[in-house]
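Naming follows writing order (A, B, C and D), and every chain is counted from residue 1.
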């Protein structure tokens, strides 16, 4: 972390718990992202946004933090969680809660994984390598985006933790096949196919700042970003035919798509509105979850992302049918503020909150969390 | 654009993308409206209001921007759009979307037209001539108000784009007939009859500023504004008898009026609350649309205006039954900030947003947008 | 108006349209209320509150403007009007609207009367005399409170306009009888019996300021305020037996009380929550109106007060079943800012707004305003 | 009260009505809490929070005032009261209201008691002794927390008023039994068993400030706080077997728990979400009350706490089924601002408001307050 950010951090949420080394800001072709590594003392994940804004270049922060258009969906992703009321069960005599879950055969310390996000280099010099290391130390799973600033092989080498590869289909089917095969070879254990981002989203604030991806931060897996501009169910078939890895469909917002996906052989469903970054005006992710989970009926795992900031949010998502949630922006803020250690700190805070929530609510493990814990 | 406005522009939304010529502000009898012509770099149409406030005389801006009384309807016109949730359809394999529509036989680049508004001279020295040119270059249709500062003939000459003439009935029926006949002769392709403005609306802010129409900006079509103070269905008959042009009834808020209008031979319905400028407390236009469109059942085209600022708003209106939407204040703000080129820029931004929305939502053309795309 | 207020006035809403005479502030035993007389140029009645705050002693303004406790009901009285949506009827060919009504045989220029309020001397040196004169010139009816600073006889002499006497029952029944008989003799045409104020309300802001009634402003009708602390239906019977004047029950919020009152011979119902000054948490007056009016079924006139600030509010109340509305605080603000002429100005503004509303809504007279004009 | 607080007080709500002695702030191991004793002049209980913030150490104020996580429940505890509408009954001829109630055979001046709260020493040097004295002078009941800074015996000696002992079960059952027996011996008349706080809550603001309990303020009853980390219905049985004192279960939010508790021999139900301090996202206490009271059907007394600030709040809780309400933070604010006299002032204000509410609503005593007084 730069000296400036090391000073800014302690003032609010992300206080350096270890001595931060004074490092010069990384300056590659003009984009100066943080480089520091330090454990963070976090009060809550919401506070991280303002802290990250202090250490990140304005354009990068705008790109990461904002949503599409009027940001109605971005705000509703968070507000919807606050509308859901919890129903604790007292006098049930539970032992200290256990947060472990198993997802596609892999054991995770908690039911929270790192969501696929592009260009971690905007947040920190270590880019996806730092995120992968921090996620692994936290004992959970990293989803690596096609639009990463580090190659999927380098990310795989950076840690031994479980990893999924998120696929943006390429215009050239051969290149898509090549990406999948590289992911297989590098040890990724699932493919996440994003269905809601064949056209770019648009952030007013990033546009106001004239933000564009800095040349110093190329898309390491594909060189340029030439995504297939139109997707079909045949694309799903193509991926299923290309690999035996489990396939997770990300961007599902309705029960009918979930049903169709399962019939088509999809192995997991990720309820998501892309963090409110694509189509402004779609439903909050947590509001879309119950109907999707109701359609899935436990046949495949359901993951949800969008608006998770608190242990109570994780609890609510599980109670409403998710097997796990994916965490997005807070991971990048942790990365910006403390590198891999910052990411680890983010997970540490969320797990502590989840344990506290489960304790008071009266649940001994993740499997016990069910609909009866929400009003 | 004046130097002052050229300076103000870049600070926020409406950055001059071309080099602005330094022009002196127009000063006719004390009202100094902008005169500049420049392409605008627009982030979103909402931002234009604050930019326009910087370049317009206070009274003129108040008259244009404000609504009646407590402005409940003005605000609700916008808020109602945000309450409507979109339902995208993924994996449907659509080509790049086509925004063209045909309205009364005329092909338009996008389903957005310029709403009838009086006194464009308040916004820019070119008045309706600039609006007509910008609208035409954008490939769409201009509605010219009876209360224009330029004669309908001059506006007709200003561009070759499609135009409708909006009629405020005059006390003297002969004068109304004359207006209609002039419109026919000048090549206007439809008559828009406004039914909600036989009494003037009232803006608190304009009243506070003591605003009145500057003598330098006369109503060019009628000299003075002596509108018929009471309207009946017989007035509809009179227009139908006077002209063979299609007749669009503007100000419809309920299904029964739409039904009656169609039975009376009206050729189009415009759902509108006059931009919240007439009766404060009426329903948001987009909230009134579904029932009206349900009654019309496709027998005649339905247009809606009121609160459209985003591509998602256009999409929502089409999904709820409109064939096209009419754009009001943002057109005048574009005119104020960049003349005809500013108007063109406004349409360019809205079309880009509409294309993005249609792409992500999964619709290949305007005809495909339907109720199934809203929750 | 004092020089200070004459200066303050023009800055916002209540501009002096006539030349204000510079008068010294009235200073009686330390309470210095305004004394000026001037026609006001009003943009809307809401703006008057801030203007009145500039010219009134803090304690007096707090007493007049505030509501009980958390002021939930005070705020809801206004907010409830904004939740009601209007439904205009177009193309109905109505003549210019007529706002006259007849109430208990007396013709009023508009269906708005002055609500009973105590201690007008807090607002202006002319106290109830000024309010009575202004109300009369506006062509409508004044309700004089038992807690007036001028005797009911003096108020009766101040103008020839119609007047009702509002009765707070006295502990001593003989004194109550005497008040009723004095009102009869002085020409009051009805008795308004307030049923919700046998215990004083409480204003946090007035308490903070340590406000108490200045000794210079005695209750002219009763000397001290020794109100009967507990009221019953027998008290209603007592009034009916004491006088042949029509009896209006004020403070009705539910249909059962209205029904009981009519059966007991009451001649009018006033829906009111005492301007949110008594029991915080009761329903907004306009929300209570429809059920009460539905129970009354036209057998006796229904008046409502609470939150009326706009012509659209008057229209909505009539549409929901009121025969007339009573105006409270805005009358005192007008009195404070311009004496009798200020009161007249307040009514002038409200009538102009009502005429505008009726014109656009499509109603030719008050009798035509009905439930079909609200959604 | 210290000089600093004596100065701060009069500026807003908590004005010293008696002459405050200038006392030095208590400084024990660095935590400097107020020591003054004075009657407060209170406008409303809401205002006390800001006043208390001026006289309390930041960490202590944060610990007392804040709720868990995003404080959704904390805020909703208050907002929910404002959503409930009152329905007064007029013309019912009631005498001046009587607020006395009898709870488990003990007569209280009003149906408001002091809720169990830990560590009153954070608020005032007199700690629980001051609260007990003030509560007793006010004529009502004090609940003493296991986590008190004074021994339960010392609190018992401090006043002769009725007292209950709130029990946090200890890990060692023998120690729990000892606590219960000490309470019996010291004259406590009931045991309140808290079921929602076997895991600590968490306050962001206290965490930000790095607050921890000052060593100078030990838990006087238990030395350290080693609470039983998991509770069961067998714990309820254990208490019932250990003592013949009435047992009140605190933290009930659902009818099924109330039903089970009564079947298990519990003698009272306290509806509570621990002041929003434990699980953020649970229902507002007043919203949970009606269903719980409906299940209890009068078999045992129902107490509620959470968000009570006004006489109307007390009235609403009684109307919705509570026999009494417990008051939390405002008692500590009163203690901070005026010691025992401050606590007495808080009750004085609340009783005055309750009397005013009952008078206007038309209820002569607490027993008359029922569901028919809310809409």
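By our rule, a residue touches a chain if its C-beta (ideal position, glycine included) is under 8 Å from a C-beta of that chain, and two chains touch if they have at least 3 such contacts.
Everything numeric in this text was worked out from a predicted model, so none of it was measured.
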When chain C is superposed on chain D by its C-alpha atoms, the rotation angle in degrees, nearest 5: 90
Maximum centroid distance from chain C, chain identifier (CA atoms): A
Same-residue or different-residue interface between chain A and chain D, half as cut-off: different
Whole-Å gap separating chain A and chain B, where each centre is the average of the chain's CA atoms: 42
For chain C, residues that touch 2 or more chains besides their own: none
Complex contact set, residues of chain D against chain C: 12-13, 43-44, 46-47, 82, 84-88, 90-96, 310, 312, 316, 353, 356-357, 359-361, 375
Chain B - residues contacting chain C, complex: 69-70, 72, 195-196, 198-202, 204, 207-208, 229-236, 251, 253-254, 257, 278-283
